[in-house]
Amino acid sequence: MTTAWNGQALAEAIEAFAPGTVISSSATDVWVEPSAISNVCEGLKTRSEFKFDLLSSVTAVDYIDHFEVVYHLTSLPYAATAVLKAKVGQGRTEASVPSVVPIWRGADYQEREVWDLMGIRFDGHPNHKRIMLWEGFPGHPLRKDYVTYDQSIQAPNDEDDE
Amino acid sequence: MAVKTQPVTVNLGPQHPSTHGVFRMRVMFDGEEIVDVEPVFGYLHRGTEKLAEERTYSQIITLTDRMDYVSSMLNNQSYVLAVEKLAGIEPMPRGVWLRMIASELQRVASHLVATGFLLQDLGALGTPLIYCMRERERILDLFEMLCGARITNSYMRPGGVFMDAPKEFWPALDRELDDIVNTIDELEAYLSGNEIVFSRTKGAAVLPPELLINASITGPMLRASGVDWDLRHRDPYDYYDKVDFNRVLHSASDNYARYWVRVQEMRESVKIVRQCIEQIEPGPVRPSFDDVPRLIRPPVGDVYSAIEGSKGELGFYLVSDGSIAPYRMHARASSLINLTLLREMLIGEQFGDLFVIFGSVDLNMGEVDR
Amino acid sequence: MSAAFLDNSLWRNVYCVLAGESTECAARDYSSGLLPGGMEWLAFLLSALVVAAIFANAILGGVIVLIWGERRLFGRFQNRTGPNRWGPWGTLTSVADAIKTMFKEDLVPAEADRILFNLAPVMIAAPALIVFSVIPVGVGTYVADLNVGVLFIMAVTSLTTLSVLTAAWSSANRIAILSALRSVALLVSYEIPMALALVGVIMLAGSMSLGSIIEAQAIPFILVQPLGFFVFFLAAMAEMARAPFDLTEAESELAAGYLNDYASMKFGLFFLAEFIAELSTSAIITTLFLSGWKGWDPIPSHLWFAVKLILVLFVIIWFRMTLPRLRVDQVLKFAWKGLFELTMINIIVTAVLIAIWPEPSTTELWIMAAINWPVAIISIWVVSKLLGTSAYESPTPSESAPVYPVGTETLPANAGVQGGGDK
Amino acid sequence: MIGMGLPRGFVVTLKNFLRPHSTEQYPDRHVGLFGAAKEAGMNPVQFLVKRPGDSLKAIAGLATVPVKVKQSARFRGNEFTYFEERCTACASCAKYCPLGIIEIVSVPGKIDAQEGESYKLEVFDIDIGRCMFCGLCVEACPYDALHMGTGFERSKYVRDDLVITKDELWDAEKRPSAFYRPQFEENGFDPFAEEMEDFHDAGRHERKTYDEMKKKWVDER
């Protein structure tokens, strides 16, 4: 039986090793300072009380005034899950968050997908390119303010091919 | 004698016959040895997640069918569980049992496709593939009896399934389960001892379990490396805590182990279906429309719910704003994430093994690109 | 005209109908010919053309039937019907395919070397047909009985690879080049065991002429030369790039290999050559190991040949349907480390036996068979042990110990979600 | 490399070689002389004498027998079945369609309308070319007027021909699929054997019991 970490308990535990990184927490989720994601994830993966070795999913939600990057973590040794969130791009500025690829390889394609469709930049990603759409595609389709362009206007350019 | 060689870059796909869909790889190889691989995705991208934001919760079920089109039942199940969790719907027992029967049959079908195409990539000229497909057709016949469609099922609804199984379904299911076991026996007699299959799959693309977990790879690939992680057992959704089954594990973590794990998992799925048939009891298959209306309005919030799909952890992340359509839907596509280590698996291998290793990942382009 | 030439009944019939007052024909009860006397050279030329035309057309017709038959058999092996739409049981399917192929657009890649590109299909089809010139398909029915027939076959069949290489090179396609290089590697490796496997047969028959080899087969040589047959069969499969050695075409890896850029009838010629090669390989196997047209009397010799040919074809198709493909390095290893050793054993054992019985009679051939079979089985077993992968132990689900800790630790009591929700 | 594994594989393929094939010929099955004679209800010799032209055709492999594909009663085909008498033009189907391919235009009917006639349908178009046969429109229909069809042979050369109009629906063969219509299965209706003549048969006929009605309208208020 997997158990889900209580948000508050997890927030306390994170505060214990990385003070000042947790912004808020609810019964299930923990909101973390976006710039500290790298640190917090490193701790969550390596520290013996968490051992979150499997990154289930990385995704992002567009909440009009900000974006939220959502990390679903799984710990195999504890058979536990946790949800980590980071609010980025307050006021719809260019959003960016440190990449967790150095910690979990599994974030590779998922972060690229989030960048492609939602337009959140992942600093330090080793191969920060679009994944589903071609380079030069206008806009990021999953954003709520995305307007479908007439795609015949802008043909795909060849940045992708060397 | 040192021969001066020069690496050659070749684009394989998206129209290559064995890329399991429209997948493109930019492969650089030196002689027969692969030096570098760069996967290129997106040829089947249909924007499912964007489409879902404009549809009601029930209408999205039809979109999930088309994600991983060889295991639509499992997609349905995963999505429906997420909606149930989000809206707090209590499913009807008979509906849940039918859901389990359907999804386990779908797992068998999906593994049959995976095994068949792996052997096709090995160059067996279609014979084992057609034996596998023959059996899958019979499972699809059962699906047609259940819900009227063979591939794009849309069978499940929040709270159960849309309709009870017809009377002729049960004897047909019994017959089919025996046939599946016979076919698996035949397949194993044919290929599990086949020296050519051995010599080509054994020791190819070995990945340590730590690396697999770090790359978020789940499902048969992870179990083939000996990690006992099966969400049906670890996090029993539906009634998986009421059935008894073995988790198939292998320690070699090579291509053969992946093939073997899939074949054995088919046997376990048949066992689960048999137990479901024993335990199923009469009753309604979905809550009345008074309890669960057609237009569901879940409370504001978000939920992530994952099941053990045929290819790995298949999860749906739903965000509700209280309206009839989800504010955001994200599907955790196991096919895409299982490809993370493709480069590591391929580099240094022979060109002839490229598609075998690729096939052993068992991916579906509908799910990779969504 | 030599007398030996007129032993060939096919030639003789055509020639003597044409030739005038030829003494050889007169000796064989042909009264007079169509042409005036002294025009034997013309009669010879015309009869040569007629015989060649008959043979070539018979083979091409046979290929049409073979393509249909092979597809039907594929269907049977794969639990489906196979072609069944056009003609009775789909027999006209290959004809329809041929017509369709001819009317397709003839594409030439922009970067292709046009001369070589156009030459390659011809270069592959011609040698495939030429092989048949030395194969007797019935009593006295052959184009020529060369006294170096076996050598001729080995020489001509190896030309295939040259045209494959030409095709790949001229179409300027990387995948095609890879396929052609594989083809060359395959040829270099398998030509040797293939030739050496025939040494035993040649020693037993004491001749390289296919006619004499058939005459020498008091019992089919497959019984006397099991090892030779085994090696030759596999090497021939590799030589014509059939499963499990179909590396050159490997559609799941190289799409279509060297054929990638060919369309229309040029593709058709390659396709044709492939099936002619299959036909000729079975004909060679039938001739060398299954005593060719020999059989019991009331049934005509051509029918015996056909029956044996179909049997061999069936086995080849069965192989193709059953076995997965080997990898390049495994294929080459199999040739050099497996088949080569087996042929050596075969040659040594046969040489010793020939030294004991220089001109073996039927009984002595049976004794040789009795000695050769155990030798063959033991040596194949030993070589497979030395070469093969060790048995693969699949762990039973319950016994396998997890290597990665899962669910071994427990969370502190306060960590779980409060207020229900199990995940 | 050569062990017992390979021979076992050969045995398996040979076993399958001898099995009857699992595929079906469609849309028609080719029959030889014997099959054609059997189809005509004669013995082959009789057939050969009486109908030499047909028997020649049969020998040439050109004689065919149409094949009925084995389908489940719930098959979701694209030949929709529609009972105008049952339809109230509520447009539930159009609202529920994920692709929005059902177009309904309705006008108020006569004042003294019978049940089911309060609205008149002007347009009822289903664009089959974009339909994905999820069956949600059928599921949404509150009066069981629209049903999935069991047929599927509707391929056309022009995309516009794929739109099913009201008249076409009205004139089509009434072979409704049992998809989301459990009453068909209870009544033993077989769409492949018979047509549904009476629109009354297509209904659900379920009456709420007195207690249920009371609970809903009295107790819960």
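Assorted remarks:
Read from first to last, the chains carry the letters A, B, C and D; within each, the first residue is number 1.
Just so we're on the same page, a residue touches a chain if its C-beta (ideal position, glycine included) is under 8 Å from a C-beta of that chain, and two chains touch if they have at least 3 such contacts.
Worth saying up front: this structure is predicted, and the values here are computed from it rather than measured.
Each chain gets a centre from the mean of its Cα atoms; the one farthest from the centre of chain B is C. Spacing of chain B relative to chain D, judged by their CA centroids, is 30 angstrom.
Averaged C-alpha coordinates put the centre of chain B at 42 Å from the centre of chain C. Here the CA centre of chain A is 25 Å from the CA centre of chain B. Between the Cα centres of chain A and chain C there is a gap of 59 Å. Listed for chain D are residues 1-3, 6, 9, 12-13, 16, 22, each touching two or more other chains.
Multi-chain contact residues of chain B, defined as those touching 2 or more other chains: 127, 131, 134, 191, 194-199, 213, 227, 229, 234-235. The residues of chain A that reach two or more other chains are 1-2, 76, 79, listed in rising order. Every pair of chains in contact is given here: A-B, A-C, B-C, B-D, C-D. The touching residues of chain C, when paired with chain A in their complex, are 404-412, 414-419, 421-423. For chain B in complex with chain A, the residues that touch the partner chain are 40-42, 45, 47, 49-50, 211, 213-218, 227, 229, 231, 234-236, 302, 304, 306, 313, 315, 317, 319, 327-328, 330, 332, 336-337, 339-341, 369-370. Listing the residues of chain C that touch chain B in their complex gives 74, 77-80, 174-175, 178, 243-244, 246-247, 250-253, 255, 320-330, 388-389, 392, 394-395, 397-398, 400-404, 406-407, 422-423.
By the touch rule above, chain B contacts chain D in their complex via residues 55, 58-59, 61-63, 65, 127, 131, 134, 137, 141, 144-149, 152, 154, 162-164, 166-167, 186, 189-191, 193-199, 290, 294. Listed in rising order, the residues of chain D touching chain B in the complex are 1-6, 8-9, 11-13, 15-16, 22, 70-76, 96, 98, 132-136, 139-140, 148, 177-180, 182, 185, 216.
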